[in-house]
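Here come two complexes built around subunit A, the first alongside subunit B, the second alongside subunit C.
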Partner chain A sequence: MIRLPSQSKSLWQDAWRRIRRDRLALWALGVIVLYSLVALCSKFGLLASTWDAEVGGPYASPSFENFKTIFGTDIFGRSVLYKVIHGTRVAMSVGLMTSLIAIPIGVTLGAFGGYFGGKVDDVIVWFYTTLSSIPGIMLLIAIAYILGKGLFSVYIALGITSWVSLARLIRGEFMKHKSREYVIAAEAIGAGHRIRIFRHILPNVLHIVIINMSLQFQIAIKSEVILSYLGLGVQGQPSWGVMIDDAKLELARGVWWQLTAATFAMFFVILAFNILGDALRDAFDPKLRKG
Partner chain B sequence: MRYILVFSLLALIVGAACTPRRDIGNTLRVAQREKIKTLDPAHANDFFSGTAVRRTYEGLYQYHYLKRPYEVVPNIAAAMPAISADGKTYTIRLKQDVYFQDDACFPEGKGRRVVAKDFIFSWMRLADPKTASEVWWALDGRIVGLNEWREKLKQGDANSGTSHYDLPVEGLKAIDDFTLEVRLTREDPLFIHMLTMPATTVLAREAAEKYGQDLTTRSVGTGPFVLERFEQNQIIWTRHPKYRLETYPSEGEAGDREAGLLADAGKPIPFVDRIIDDVISEDQPAWLNFQQNNHDYLVKIPKDNAKNILTDDFKPTREVSERGMKLLSSPGVEFSYIAFNQTDPVVGGPKRKFLRQAMSLAYDEAPTIGMFYLGLGKKAESMIPPGVFGYDSEYKNKYREFNVAKAQELLAKNGFPEGKGLPELTYDLRSDPTARQVAEYFVRSMAKIGIRIKLNQVSWPELNSRIAKKQAQVWGGIVWVYDYPDPENGLQLLYGPREAPGSNKTSYKNPAYDVLFEKFIRTRDDKERLALIKRMRSIYEEDVPWIVAVHRNENRLTHSWLHNLKVHAFEYNSDKYLRVDAEARKRVLER
Partner chain C sequence: MMAFVIRRLLYAIPTLFGVCLIIFTLFNLVGGDPAYQMLGKHATETQILELRRELGLDKSKVEQFFDYLKSVATLDFGRSYTTKQQITDMIWRGMPASLSLAIPAFIVEILLGLAIALLVSFYRGTFFDRAVVVLCVMGMSVSALAYILFGQYVFAYWLGLFPISGYDTDILYRFKYIALPAIIWVVVSLGINVRVFRTFVLDEVNQDYVRTARAKGQSEKKILFHHVLKNALIPVLTYVVIQIPVLITGSFLLENFFGIPGLGSITIDAIHNSDFPVIKAMTTIETLLFMVFALATDLLYSVVDPRVRMR
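Moving on, here comes the complex of A and B:
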């Protein structure tokens, strides 16, 4: 009798093992966790809740005397550090909410299109090709105008414009999987469409969602910055985009700290997401395995 | 890092603009900060086209170069108009030595003398629907019969065979070659200002018939300069050889003599032989070119480069003072404001007067001038800016002092002690960093008395449409720039019948004010006008339909060798008064 290993490694366990071995990916993960913690602390008022208070004179340059003025102050003497922290909260919430909106849409439409094919697929493909043929920024601006300005409409606008690439990938995977033996076997023992889609195929393509999410997250953050820079994003509270918009005029006065702080804050988190996204792809893709 | 950026840009531009520095003689070199859209007076509706038009086209009147408040003086007219007792008929004598420049459109290519008929033609051309002029508003509804003539043309050709321009217009008559009689539809003290605008300058019929649309890029004028070359990025003008004798003004306002502005009094103008306009719309290249001595003065000083010109306490920097550059800064004829929609149930109307007074008192203006305008501006007390008749430097608006205690008292009086019970207000602004920072400052100031405000950034067209539809509640970051230096242009902004979408954007309505305003526009006597201004002022001061904020300055930067430059908000063609010390400049350029 052949004894199977008592514990075979699932795709997920295997991927986690690979990521753990990748130092860089772990660092990236750490950075993301740190940003998330900062965002959460800010959300619950533990950090930078007083970003609106004056902590010094206007445009005080960075100094290490005081924690609050480590990145200097802005035109009204507010702490740039606090503004960066508040901006982190805005950015992370935008990334998260966008993903929460985009993923269900992308997965559902992609799954239905790929699985059912035919007319259903035609309609879904027509829909997302039409959507993606409209320049993204124009669509975002249009949605921001309809829903009014503010963080909420940024979530919605980014959410409903960023699911197309995910839907495409999922659709392709579903087409591939629906004729695999295990799906046919499930059909043979009487599994309906719903069971086949959600119980059988979906778990096998979920890793694509994870990879896509880590890449989507940083695109959402960048888009929020651009929208806020254009004045279409958050209103009346700091965000990285608003800070960069401020810096446009301040740079001439030699005030570089607001730009620097916001840019670096953005740089690290986006870099981390990119590295993690790549690492996830490597970990999940069996073709890239070296052993 | 900033310096690296600046230096690399500098290297790039110097490399590109390194033309051999030959002796350029008595030439004035100017950076125009926008593309020149047209040279046609009937289409010049922006500052830069207006400037170009006034190099070569002249009108009947102009503004005195040095005197403030701005004063209308004759240009092609020989004297100020003789106005009939009812104020409706203007008789204007023309100078007899005004010639069009030589041009192929005239017999034998010789420019002829300007006669009264030329003005009649030019103004009819402005009214002609075919011209589709953007500046027709200057004469619209003002001259008897001109609108009717325009209507007739619109309805199609009634008597083909003769040109429309040969049909008489009742209110425009050439009594003889050098006397023009204009009859107005009503008593209209503002008419004289219309005669200073680029729109009403004189154009020869021969030129209009020969060149038509081509007048966009060529010109046949009477002015001090003649167009030599018109290209997208460079325009060259030379002195008009047949220009009549005009002299530099010999009077100015206090301080002009000390500033050396009267040194050339009585000398014939223009002083320079040639003008080269380079079109440079980007701030950075404009500044670097000026710094490289490629231009003699700089209009519209790049905000981004203020640091190079002014130190943190708003003094000229070492480079500026060592090189003898001069920063000329004088209050612009304009004011910025924060407006309250008077039809809004929360902030508008007489019931919420105390709320608005409180907000005005809680808004500390003084720091904003340093924060947002480089210290180059003046806190506004009323809608009448310096340089305009009726401006009173002694006047202090009761609700424009900074007084939080009084503000809180008034807020409570309106039923909102410490802001309690007042819903969150919405402040509309256009997407622009400075506008946003001004708004943030306002929000912070109001928060101190417990008023909560939400910002709403929109595009410029959307902001205008929200204001026009009375949807905006509070808005700011907007500047009213006077079209002509008459207080009417500011006072009309609160005239009830002109409510939004008209020019009264706040839809302010106060019958007492309207009665005074109607009286004001028919009054010509200065003393009476001043009394009316004061009465109107006391009404809107109390009602606070808006918080008048700042008169921003108009700024110019000049090199040491340029003389006679004085900032002028309306006289588009100041260049005829400018003198270049070519020797001094040559020495600097050769160094």
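Moving on, here comes the complex of A and C:
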């Protein structure tokens, strides 16, 4: 006898159950939560607000006497630990802000293109094909250069360049969903286009946004580092990119700690986003698991 | 086939126009006055007017757009602001330097990635397979800059196995300088390549023809290296061809760190010097190359896999 489950699970409940069983994914989630908390504490001045204060001599090597010098100091005797913490804040804010720019653009254009088809779709597809024909790094450099240096330009440049893949995926899903029974049923009871797009179809494709976000954060953090290295990124405050840029001159003097600290800080969070992204994809789309 | 080629070429026209429109909008409409940016705060009024005329910024926006379209059509982007050289000449001179790093590195990167991917696919599901995937993900999580800095420090500065930086116009001597950046290039891209190629191979492993081959008693080795490899090469080919335009700029960062005077170095220098015409020209040329290769990929693809033409 077939026993039907007493209550059917939604896609989200099912995915959450899968994630909870995946120990590695939970670790990754924990790391991301930790980084977010550090970033928030730094933002509200609870942590490392005195990153520009001198805590020792220039280029003091790491020592365990004082937690501020646990990763050593930089050329001005500032705590590398505090700079890493402030860099965490910059990195997470770049990830968050670019997501906040890219997701609405990607979702709206993808949804409209896929749902309406025809001329609307042609224009949207033309627009993103055009945008993605410009090599990512050049477009990023061009936008950051034109908007001027600083964190704000980094947000905009990364936001504008990174919505295309999301729009493509959302468009594909909308094309599939728009002729499904539930959408036709919604139309039959008098739901207009807006209601059908945003209330009926969107919740069913929202998991793509979540999966995409873990990729978005990785790209944003990596790109911030490269833009800052090129001198187009963060100005007047430490970020992982600025720290790695400084390290270029430090290594020859045997100062390895600033580079190491920034590299590891970046490594763990990107690794966590990588693992979580894979786990999310598996959790939401069991069909892909067979490989 | 001919109809497909013509249709694909026609599709490229609106994209090309769109690209010109976006780059023009970015550089000539959004970007404020490049004359101020290039001359700095202490420029006099006459200097600015003169530079504006030199760059053609005193004309109306519509005229400027047609000037830009003309420069795209003729591939003549005027002179660099800092070096005063013809930008097209600079690019022609930079290209061999970029390519002499990029070509060997790219070939090794692809072949090594494919070899490892096939090996782990053969042992799919085992501990070895999982270990390699974990290593790939870890490798992908390290910043490219960290690879370059540590690589240069450890192998060139500390162990002295390679020159720290430099370039030689003689092609044989050049390899001494190219070796380390090429190795770093391969290491940086190996993680992602192995992962992507592994998925390509595994996508084929579940196909019906594999089951048929197995049913008729073909050995697993033969199935993988004969049947599967042939089919998996189709997505590999796309993946490879689409990266070729990026080879021409080479790696910005590697060229910059190892003092290789290629297109990547030219672009980075242009950014540091606020050399507006060069940045604009580099963006345009990169895009044109990208479009040409994307077109080539599609055409090549349709030859290799006739199913594509039907879409």
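The working rule: the second predicted complex is superposed on the first by the 279 of 291 C-alpha atoms of A that agree within 3 Å, B and C clash if a C-alpha of one lies under 4 Å from a C-alpha of the other, contacts with A are read in each partner's own complex, and residues count from 1 in each chain.
Criterion: a contact is a pair of C-beta atoms (placed from the backbone, for glycine too) under 8 Å apart; a residue touches a chain by one contact, two chains touch by 3 or more.
Predicted model only: the values in this text are computed from it and were never measured.
Asker: For the combined arrangement obtained by superposing on subunit A, do subunit B and subunit C clash, or do they fit?
Answerer: clash
Asker: A:Ile226 in the overlay: touching subunit B, subunit C, both, or neither? Say first, second, both or neither.
Answerer: second
Asker: One more residue to check, A:Ser133. First (subunit B), second (subunit C), both or neither?
Answerer: It touches subunit C, and subunit B stays clear.
Asker: First (subunit B), second (subunit C), both or neither: which does A:Tyr182 touch?
Answerer: Neither subunit B nor subunit C is touched by A:Tyr182.
Asker: Please indicate which partner A:Lys149 is in contact with in the superposed arrangement: first for subunit B, second for subunit C, both, or neither.
Answerer: Touch status of A:Lys149: first partner only.
Asker: If you stack the two complexes on chain A, which partner ends up touching A:Phe67: first (subunit B), second (subunit C), both, or neither?
Answerer: Once the two structures are laid over each other on A, A:Phe67 reaches no partner at all.
Asker: Just subunit B (first), just subunit C (second), both, or neither: which does A:Leu251 touch?
Answerer: It touches subunit B and subunit C both.
Asker: After superposition on the shared chain, which partner residues are touched by A:Phe76: those of subunit B (first), subunit C (second), both, or neither?
Answerer: Touch partner of A:Phe76: subunit B, not subunit C.
Asker: Could you figure out whether subunit B or subunit C reaches more residues of subunit A?
Answerer: Touching more of subunit A: C.
Asker: Would you sort A:Phe267 into first (subunit B), second (subunit C), both or neither based on which partner it touches?
Answerer: second
Asker: So which positions on subunit A get touched by both subunit B and subunit C?
Answerer: 145, 230-232, 248, 251-252, 256
Asker: Quick check: in the complex, which residue numbers of subunit A touch subunit B?
Answerer: Residue positions touching the partner: 52, 58, 75-76, 145, 148-149, 230-232, 235-236, 242, 245-246, 248-249, 251-254, 256.
Asker: Under the stated contact criterion, what part of subunit B meets subunit A in this complex?
Answerer: 1-2, 302-307, 312, 371, 430-434, 436-437, 440-441, 443-444, 454-458, 462
Asker: What does subunit A use to touch subunit C in their complex?
Answerer: Per the touch definition, subunit A meets subunit C at residues 126-127, 129-131, 133-135, 137-139, 141-143, 145-147, 222, 225-226, 229-232, 240-241, 244, 247-248, 251-252, 256, 259, 263, 266-268, 270-271, 274-275, 278, 290-291.
Asker: Show me the residue ranges of subunit C that touch subunit A in the complex, using the header's touch definition.
Answerer: It comes out as residues 14-15, 18-19, 21-23, 26-27, 30-32, 137-138, 140-146, 149-150, 152-153, 157, 199, 202-203, 206, 245-246, 249, 252-253, 257, 267-268, 271-272, 274, 279-280, 282-283, 286-287, 290-291, 294.
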